[in-house]
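The structures considered in this document are given below.
Two complexes follow with chain A in common, the first pairing it with chain B and the second with chain C.
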Partner chain A sequence: MKKLFRLLAVCTFCMVMFAAPAGAEEAEFDEAYYGRFRGAGISINVFNWGEYISDGSDDSLDVNAAFEEVTGITVNYATFATNEELYSKLKGGGARYDVIIPSDYMIARMIREDMLEPLDFSNLPAFANIDEKYLDPEYDPGNLYSVPYTAGTVGIIYNTGSVDEPVDSWGILWDERYTGDMLMFSNSRDAFGIAEKYLGYSLNATDPNELRACAELLKGQKPLVQAYVMDEIFDKMVAGEAAIAPYYAGDYLTMSESNADLAFAIPKEGTNLFVDAICIPKGAQQKEAAEMYINFLCEGRVAADNITYIGYSTPNQAAFALLDEEIQNNPVSYPPDELLENTEPFLALDEETGRLMDQLWTEVLTTDQSYNKWLMPVFLIVAVAFSIGITIARRRRKIRDTLR
Partner chain B sequence: MKLHTRLASVPYLLWVVVFTIIPLLLIIVFAFTGTDGGFTIENISAVGRYTDVIMKSIWLAAIATGVSLFLGYPLAYIISRHSARQQNVSLMLIMLPMWMSFLLRTFAWMTLLEKTGVINRLLGLAGLGPFELINTSGAVVLGMVYNYLPFMILPLHSVMVKIDASVIEAAQDLGASPLRVFFKVVLPLSMPGISSGITMVFVPAVSTFIISRMLGGGSNLMIGDLIDMQFLGNAYNPHLGSAISLVLMVIILLCMSIMNQFDDDVDVEGVLR
Partner chain C sequence: MKRKSSALSRIYTAVIMAFLYMPILVLIVLSFNQNKSRGAWTGFTFDWYRKLFTNRLILGAFVNTMIVALVSSVAATLIGTAAALGIHTMNKWMKKAVRMLTYIPIMSPEIIMGVSLMLLFVFVRTELGVPLELGLLTLILSHITFNIPYVIFNVLPKLRQMDSYAYDAALDLGCNPWQAFYKVILPEIMPGITAGFLMAVTYSLDDFVISYFTAGPTSQTLPLAIWGQLRRRVSPEMNALSTIIFVVVLVLLLVSNLSSMRRERRGRKAVRL
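The block that comes next holds the complex of A and B.
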């Protein structure tokens, strides 16, 4: 009995001993690697999605502050709302960024247009943490330019209060029983993606006939749609303003915190599996410091805190191991493999297809306006007639006045 | 003295050249070039595809302008007939909503008009509805009127204040009926205010995009949305975007020239000639 007690005491002692270093967080990061630029007064410009990094709220790690502390490099942090905004900022050439986090298809497009700097992987030891499922992706063959940051799927968010049938198909978005109760993406690529999957096409279809068929399908859906929105979905779904909306899995987790009636389904026809990845744009002035920042984001604990805050899925194995079991088993963030079989990433569309898609999308959105054919000429004629009329009236009056 | 006034205008001239004239020229250059940089009128002709959207913008903006005029004109007249102190207070009350962010005000309308919003809930208590208020072109017009009404009232008021009460009294003394006084004296004298008010409401209304997006449910596309799609959409086509902007500018110029015709008219018809 005494022996057992002693054993217990030793065990407890050992546990305390081992637990202690976990409290001192600085020791986690390799000083020899991260300390290289200390005191050099270097700063890097990071351009990321809004609400897309752990910022120290709710006891999480303030990633940027921690990085500054560990390395002595100043982080200038800015955010964007869409990939296209990021693209036009970079294309416009006015801004200089060292680290950007675009999505897959935008990365493919930037690679094609030679806008990204190849990464030096000898400088990125923590890259080894990335799950091999996410390596060598279609958008960046060979992983030369990007390091996966987060991943997620698009699915159907629905309110179990008003939708009591099981949801497993995109077809529900064409179900007339939900007229006026559904929301839809206002972004052409995502909206066409749904139609493409429903019709069994590829998400990256370039055949104009297939795109036209999708546009027809979307036109047919328009009378059922309450509104075409993006981030407004949060408010509308949480308040019960709409019952069904396709959106991103990570955002569903945020919404379900405020409204427990919301559920999420990945349709059987397949969906978009997107990856946001970290890149360095051409023209970055602090490439090595930028790579150090990327490496820092790949550190298990940093990535784990980040993903807990953001709510998408992490491609980082070391981070996954650190997550709560509840999150690890969450089928929304980490869906079982058989559901992911049909998924497909967005790739960059060629310019012509992109334009056709935008043009068709405008057509879809303006499809029920039929009064327009004659209005334009009538308007012009009225305007011109009005102009002439006034001039004539004025001239007449002048003549009358001079006669008086 | 002449030299001095010239020097004083230099900062503003610089500002205009750098931030207005050069960008304007850039828009024209972009509108008439293709992605390869060569001259083309393809962009301009492609705008024709969007006639529907352009017409809808003009139509909605015109309705909003009309409603603003209808609401603003009597109010501006009533205010202008009060004492100076009362006028200051009322004008401040009119400006009051403008102290809040434009976005916030429009967002507030969303929560008011939604199916589960305040208005429908109140109507629900009375056993009515729910009505489809948001995501309609009516909601877009409402948003425009709400946001741009002060731009109608202020120029109207500043013109009406200058109408001498004795002119109106003279007309009344000479036996004109109230209606006749209005149509023969007040209306002609306030014409410059009407035309600048119409311009100041119509121009921002026709080019707005955030109101139609927030209150129109994304399917009431306006010219502004279209331009936004070209620059921040998937296709990224600044050439077409510039061409649409150019067309928008022409439309606005056209409207302003019509308005100017009104202005000239006043010199001829005005009582104070």
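The block that comes next holds the complex of A and C.
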């Protein structure tokens, strides 16, 4: 019954939203600042992760529509799936983007390769909302190029129905009791990150011997792993097909909405603290309008709606203050400082280390698959024999028919 | 003996059908699931359909996809038909050579085509100074490029089947060349042109690889938008949209099949008369 009421409430709210889209917002945002380009027919191209901005569903703010309403600037919005995809699109040079949102290590790499435009902070008054903790990060010393958008940690998601011991260490991913019940990252950086932390190395280790030790550890884990996946984790964990999986804290919150048995732990060995930040790439043609868009994303109410939609943690203090108390006190999204002490961001690896990691990761994924070597040839031979058999049988029948 | 084999073949057909249509069925069922995940069924809802029509990103991508598919396949049909007419009148060796050249875009991996088109567009902009940004225009241009061969190969066989003297006869009987083409040749090759057009629309609708390289910030198509959601999760609105597309295509197919069946029946009657 309660659910029904909530549904009804949502429905009516949506109708209200349809009737008066973003009507009351103008008073909330500084017209002197946002109104500068009204009527100039400017458009900006925004390139963001998929499902990574509040789009007006569930009575939230449709950020892009609201921005267009407030400023009169048209937003062309496109999405990407990986940092590497973003990088290659920018390097390809065919397309012009004004606002991009890469992750920390990719920002470091782009800064190194001179692909980002320094920001004009006098044009970003709302930058003051960003929490000090997130200023001057390692990936962008001095905060010259980026404004933090979201943050989050990687931890262990587990099903309390099958795991009854308290989880506090990456060690559980090597526990044979859970053979076949655990999932693992399918991307090399995150998977190596877990091994590195478990062995007490840095997430940005460049020593080949340390990386080899990690690869050995990951090979040892392989027989226990049910599958190497990324976004399939959502469905598998919710459906109870797997009991343990390392993943991002924000996504755990989404999963726990559908399955209350799931729990989340940040291991004591430490983990990765990632930040996705907003930048302007070199070659942007509407830099000032792009900065206006960034500033809009930093406005407390906008950032609060965004973070509610995304489910990650916000580095924006004004937005944090607007969140429900329940979320503010949620140790998954906003872990206490002592847990964060061990965390470390990913930095850009040098080319050699990156290549070694990719090579070792391929090795990890291809060990123990020798039995597969014979599968394909045997299958082929059977298929060929089968088709030959059919042909012979058919020919024989034909001969018999003509004899008759 | 005969009955047994027919039961077996019926089972076989059922299995193949299930194999083909189960995924779509699952998708349709999930588009009504209240929960965002495929793992848990929590109740029946039309929410995703309602949200779909307010989701600017998905709707924008859908509109882009339709524009690109229609514009590019119309253009490709015009160019391809003209090309097929030209190829048809070539001598034997030229014909072979041109056919070979036309095969190359079909045979070569899509990714090569995508990358080379992207490089071409970047080259045109940076070296030749033409202000051609990656966007809707480049996307349509590249879709026309890979659609032309399909039209040519659908029209050419029709031209070959046609009586080669029909055109001359039309001229003899008082048509001017344009009328001869319009009244005699075009109706003969029309089935080929339609097939080529439909094929072009289909290929354009579900192309991902080439679009991936040639689309810009203002022209994201549906396949690209779905791909963009892979880091987090594909939103259930996509299930709803896919369901709608599937139903629309199904209805269109049914209507076109029924009308062609009716036409056939009428044709048979006419013959009998």
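Rule of thumb we're sticking to: the second predicted complex is superposed on the first by the 345 of 404 C-alpha atoms of A that agree within 3 Å, B and C clash if a C-alpha of one lies under 4 Å from a C-alpha of the other, contacts with A are read in each partner's own complex, and residues count from 1 in each chain.
Throughout what follows, contacts are C-beta pairs under 8 Å (C-beta built on N, C-alpha and C of every residue); 3 or more make two chains touch, one makes a residue touch a chain.
Just so it is clear, the model here is predicted, and its values are computed rather than measured.
Visitor: Just checking: does A:288 make contact with chain B only, chain C only, both, or neither of them? Give me first, second, both or neither.
Guide: neither
Visitor: Regarding the shared-chain residue A:216, is it in contact with chain B (first), chain C (second), both, or neither?
Guide: Neither partner.
Visitor: Is A:65 touching anything from chain B or chain C once the two structures are fitted on A? First, second, both or neither.
Guide: Only chain C is touched by A:65; chain B is not.
Visitor: Is A:84 touching the first partner chain B, the second partner chain C, both, or neither of them?
Guide: first
Visitor: If you stack the two complexes on chain A, which partner ends up touching A:240: first (chain B), second (chain C), both, or neither?
Guide: Both partners, chain B and chain C.
Visitor: Tell me the contact category for A:50 with respect to chain B and chain C: first, second, both or neither.
Guide: Only chain C is touched by A:50; chain B is not.
Visitor: So, does A:269 touch the first partner chain B, the second partner chain C, both, or neither?
Guide: A:269: touches no partner chain.
Visitor: Between chain B (first) and chain C (second), which, if any, makes contact with A:258: first, second, both or neither?
Guide: A:258 sits against chain C, while chain B stays out of touch.
Visitor: Where on chain A do chain B and chain C both make contact?
Guide: On chain A, the residues that contact chain B in one structure and chain C in the other are 82, 235-236, 239-241.
Visitor: In the complex, go through chain A and note every residue touching chain C.
Guide: 14, 18, 45-47, 49-52, 55-57, 62, 64-65, 76-82, 92-97, 230-231, 234-241, 251, 254-255, 258-259
Visitor: If you look only at chain C, which of its residues touch chain A in the complex?
Guide: Chain C reaches chain A through residues 35-40, 42, 50-51, 54-57, 60, 118, 121-122, 125-126, 133-135, 138, 213-218, 220, 224-225, 227-235.
Visitor: Write out the stretch or stretches of chain A touching chain B in their complex.
Guide: Residue list for chain A touching chain B: 82, 84-85, 87-88, 91, 180, 186-189, 222, 225-229, 232, 235-236, 239-241, 349, 351, 354-355, 357-359, 362, 365-366, 369, 372, 375-376, 379, 383, 386-387, 390-391, 394, 397-398, 401.
Visitor: In the complex of these two chains, what residues of chain B are touching chain A?
Guide: Checking each residue of chain B against chain A gives 35, 49-56, 58-59, 110, 114-116, 132, 134-135, 213-214, 217-219, 221, 226, 229-238, 254, 257-258, 261-262, 264-265, 268-269.
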